[in-house]
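Chain lettering (A, B, C and D) follows the sequence in which the chains are written, and residue indices restart at 1 in each chain.
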Amino acid sequence: MIVIMKPGAKDTDIQAICLRATEMGLSGHPCYGVEQSTISLIGNDRSVAPEDFSGLAGVERVVRVSTPYKLASRQSGLPSSAIKIAPGVVVGSGLTIIAGPCSVESREHILHTAQLVKANGAQMLRAGAFKPRTSPYQFRGLGEDGLDYLVEAGQATGLPVVTEVMSPRQVERVAQTANVLQIGTRNMQNYDLLLEVGRTDKPVLLKRGMSATIAELLLAAEYILSAGNPNVMLCERGIRTFEQHTRNTLDLSAVPALKSLTHLPVLVDPSHGTGRRELVLPMSRAAVACGADGLLVEVHPDPDRSVSDAQQAISPEMFAQLVRECHAIFGVLHPESARTSATV
Amino acid sequence: MIVIMKPGAKDTDIQAICLRATEMGLSGHPCYGVEQSTISLIGNDRSVAPEDFSGLAGVERVVRVSTPYKLASRQSGLPSSAIKIAPGVVVGSGLTIIAGPCSVESREHILHTAQLVKANGAQMLRAGAFKPRTSPYQFRGLGEDGLDYLVEAGQATGLPVVTEVMSPRQVERVAQTANVLQIGTRNMQNYDLLLEVGRTDKPVLLKRGMSATIAELLLAAEYILSAGNPNVMLCERGIRTFEQHTRNTLDLSAVPALKSLTHLPVLVDPSHGTGRRELVLPMSRAAVACGADGLLVEVHPDPDRSVSDAQQAISPEMFAQLVRECHAIFGVLHPESARTSATV
Amino acid sequence: MIVIMKPGAKDTDIQAICLRATEMGLSGHPCYGVEQSTISLIGNDRSVAPEDFSGLAGVERVVRVSTPYKLASRQSGLPSSAIKIAPGVVVGSGLTIIAGPCSVESREHILHTAQLVKANGAQMLRAGAFKPRTSPYQFRGLGEDGLDYLVEAGQATGLPVVTEVMSPRQVERVAQTANVLQIGTRNMQNYDLLLEVGRTDKPVLLKRGMSATIAELLLAAEYILSAGNPNVMLCERGIRTFEQHTRNTLDLSAVPALKSLTHLPVLVDPSHGTGRRELVLPMSRAAVACGADGLLVEVHPDPDRSVSDAQQAISPEMFAQLVRECHAIFGVLHPESARTSATV
Amino acid sequence: MIVIMKPGAKDTDIQAICLRATEMGLSGHPCYGVEQSTISLIGNDRSVAPEDFSGLAGVERVVRVSTPYKLASRQSGLPSSAIKIAPGVVVGSGLTIIAGPCSVESREHILHTAQLVKANGAQMLRAGAFKPRTSPYQFRGLGEDGLDYLVEAGQATGLPVVTEVMSPRQVERVAQTANVLQIGTRNMQNYDLLLEVGRTDKPVLLKRGMSATIAELLLAAEYILSAGNPNVMLCERGIRTFEQHTRNTLDLSAVPALKSLTHLPVLVDPSHGTGRRELVLPMSRAAVACGADGLLVEVHPDPDRSVSDAQQAISPEMFAQLVRECHAIFGVLHPESARTSATV
């Protein structure tokens, strides 16, 4: 059962509902939205009626939700979430294109790349400072220095920045300066990390685990939501299958499937999803065509010299074409947004 | 090595080349194109030079091809194939939308459905007369009667028809009246069947096996080509993965990957690819956006009453929207074709 | 619903039951066992009671079966099937080891290999005369000549032979001389072929499709059974997964799972299941330890020179060790059979 | 390149080698074995010869290793690792059977279960105090209380205990009292956690990620080894495939494959590997038959009442049979150990 609070409901109202839940043998998990908070009530709710909560102060309505994920579910009847990242940058409203190199390679490198992606139409900057690598002997990123360079590049260009956090112990430090915390595919079920970012109010970009089902991705999101943070964006980035031509199999069906199951925004990462430069552009178009709210694309000033993931990075020129074509397709699906995209 | 013949080369020229190949310890496999034939030369070709063949009568040029599939490979330098199905219906030129019910349910049913899909923009009619079913106790189609009804419906509407052949013994009979022979996912590596359709000159729609790699799909096509039939269309229809939300995982990355590896046209079946009605429309748009030459869609006058595959059949109204949106996206990618699609 | 006939029931009894089924709106599918026949009754059997059939001539009992496969199901209460291949060779009674080269390479080669595997403890000889190959340009076996050599080698050694049939058109010819018809992994859902071997009374070795579920394997077996042939042996041979270290992922859990779901014997092919010579022996032991009724192993006099599948063929010496160790493990699980295996 | 130190080499010798490596542009990663330490040297080692290190103090020999995992590789020529857990309990020497409930349910429950598994032949006790759960609303274990109860049960029975750590922040606390730290399947690539346990000298049981390749599992082990901890045991626990009859697909081929690639011990978890009680016993036998060093089995005094994973827990009676049969099979493969197993 989900309790949907009125806009502007007080914290004490939320506390009172959780207290009532406890008295009735349930546990209440509040998720503090900027405009509207929700509370999931967990336990044997067969003996509990919506009416037991609907009359309490601050409550707008109470909804039974049959899916195992509650706060993430569309069944709540909440409108699609729009996550405010920075002034003028809202994921879930229009098409959001996030671009940047796989990893921060140097201060100059990230400043230069930030300018290139900004000039070609990116709304946000991505790059890794802390890099998860399959081998302990591979380059693991510049760490805190890399983070500082990335944040500086974001400020220099006015682009909000998204970067990965790999450990609960990094969350506080990264959350101080980055705009969006990314949870990578290997950590989608790192529950301590999910709870830690859930205790912040930073937007979180949650990537699908490489062998996670759609339901498991939504339950991972629920970990973050139920810890209090409503600002979750999902990201399809390819799943692991028998096919080896591509690095992963980009499961684009997950986009419309997720959009029907949850109110959270859904992005697509065609770079990791395919692992091949020549497939990034067509799969970006396809992602937009099936309803993605945004893209996360690896762009490098000189792709063949990328320190990591060189095979999947695209050039600024290819990125410019990607932005143009994706906005054109978005415009076909959303004629009302045509003027906006026409200006790009 | 591939020998590409001049347009209009004589059969005796082709025979002479195969004879020369035999003399040199190779085997020659001619593929008889309407406009242009090609011959793949197989064997230890290290000791053979293109010059050994390039001077022979009727030869345009000789190309070394490094992929295991030869006649199907883009490395031949041949332009993208356009497969003529019927006057005005060419797969590989513009966007081709093929629609119809899963199976022919009755004479009236297929006539009615044919009219509906024709009216809503289909260029070809699909339906199963011989149905492969997982259980021997399921409905296996109307057989020869179903084929006759289907052909009648095609003639009544002017739509060419595509239908599945499941066994070498059916090929001759079906090829007499149907326009396109479909090889289903379970039979992608039924080599006797591939060779049998390869001995005809009928267009063949070859579906990817549910656990076939891209390379295996191309080698299955090569079976047909090397038996002499150049009219092969490939169809991505979803692969089998751990994800169970969808019936299969539609591997759309295969579309641009195949387009770069082969000159054969590539279609997409979003109906089997997802198994869910609500995903057919967005995934059709995505297929077109990433470069598919056409779509194969299950449409039923009353989807919930479909005798087979009811969950994935869409209504004529949804199909009309699909045609409209897919042509609009195709127009974005091919502005030169905009006028054509505008008339739809 | 399954009708289990008394041993020795007459054909006319079976026909009478099928007629009664038709009258009641059901269809009857008899499976003619050597000792005992069974009939599956398909249709809406809610309105039909076992009593409607249990009193008819020749009927032993009538059982409701809830699985989609009926004749293959353990729910029938039938004892585990023992398939008689030849005098003294019964699959499903003791441990049956089938060995031989991937393909018949020459008359001398198969005669020599047959002697080697016989001397080292094989009970049956396997080899391919008609070979399914991914590419049309690969060696596809010696065909009918290969079949003749194989049969000759079987007769010379007293080993029954098993060989693959790839097409319905080959069935009659192969069934004349081979002892067991093998259906390969690519043809597990080649329904016309399943029905064709189902119309014979030859033992059939049905390999699991590389992406077939356990339920689908049982339904493929049901195709053969429901066409009248009770002599079906199942064979786990590895499924296709993301793991590329092995050629396939040998799903040994399928062995005890199948043994609990069906009365049919279950064999394991560790050669295709792993694709690596060094894994064949340990996985053979594991197959026996989890309950397999037999093994299908690729043995070659000079494995590195095998014309096909060289990487997975084992030498006669390794095979001798395999036979010894597998019988020892079988003896642990079946102490009553210890004497038999001790004589090997 | 791997430097293998003499038994008893001094820490200062190891430091001197790492210093020399740094001078030559390499990085040295020492792994401190109880008897023998090894150091992996990473970097462009083409310009470096084994002789550059083989003469240094304390060095036994220097080996080039071509695999991406160095310290874990068999190419080092090191004998199979035997990990001492407690007096008389050594993983990698004989067959080690670890058993216990999925999670610690209460103090009484774990004490009782520990006695049952001890009485029936377990050498170690397993149970979860901190439980990774797909949903935030599922029971996540008793936490620190659970850990205390588990340790108490271990002491009461004399069984060393293994339990999962889910977060770097838990490692210190758990390492104080538990004997073995388990890394679960979802955390196999949680690199911060791997490094944290790598900095302890506690034995680590590293489970294969549910979609991890064999190479990735070995690289995850390399994270731990290269952080200094040599006491790593690998555990196959099933991979995610299309097959849904079993919870996972137990990839037993990984056992002999790993044994040939690494000197680390390899265990098998047939409980998670199958998810079905009736398959645990046959798959345990198969695991031993193909060379596993041990088993990790979920046993519950009253399986159907297990708070978590009830479907895969086995009863003490089934466990007793499992121990008996597995030791008998182990005895077949290791006749020299027959007497030991005979006493069980």
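The definition used in the following text is that contacts are C-beta pairs under 8 Å (C-beta built on N, C-alpha and C of every residue); 3 or more make two chains touch, one makes a residue touch a chain.
Just so it is clear, the model here is predicted, and its values are computed rather than measured.
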To the nearest 5 degrees, please report the angle of the rotation taking chain B's Cα atoms onto chain D. 180
Looking at chain pairs A-C and A-B, which one is connected by more C-beta pairs in contact? A-B
Where the centres are mean C-alpha positions, what is the separation of chain A from chain C, in Å? 50
For chain A and chain B, what's the span in angstrom between their mean Cα positions? 38
Going through chain A residue by residue, note those that touch at least 2 other chains and give them in order. 211, 240-242, 244
Where on chain A does chain B make contact in their complex? 211, 213-215, 239, 241-246, 249-257, 260, 273-274, 276, 278-279, 282-283, 285-291, 325, 328-329, 332-333
Any idea which chain B residues touch chain D in the complex? 211, 240-242, 244
Within the complex, which stretch of chain B touches chain C? 27, 29, 40, 42, 68-70, 132-137, 166-169, 186-187, 189-193, 195, 210-211, 216, 219, 222-223, 226-227, 240
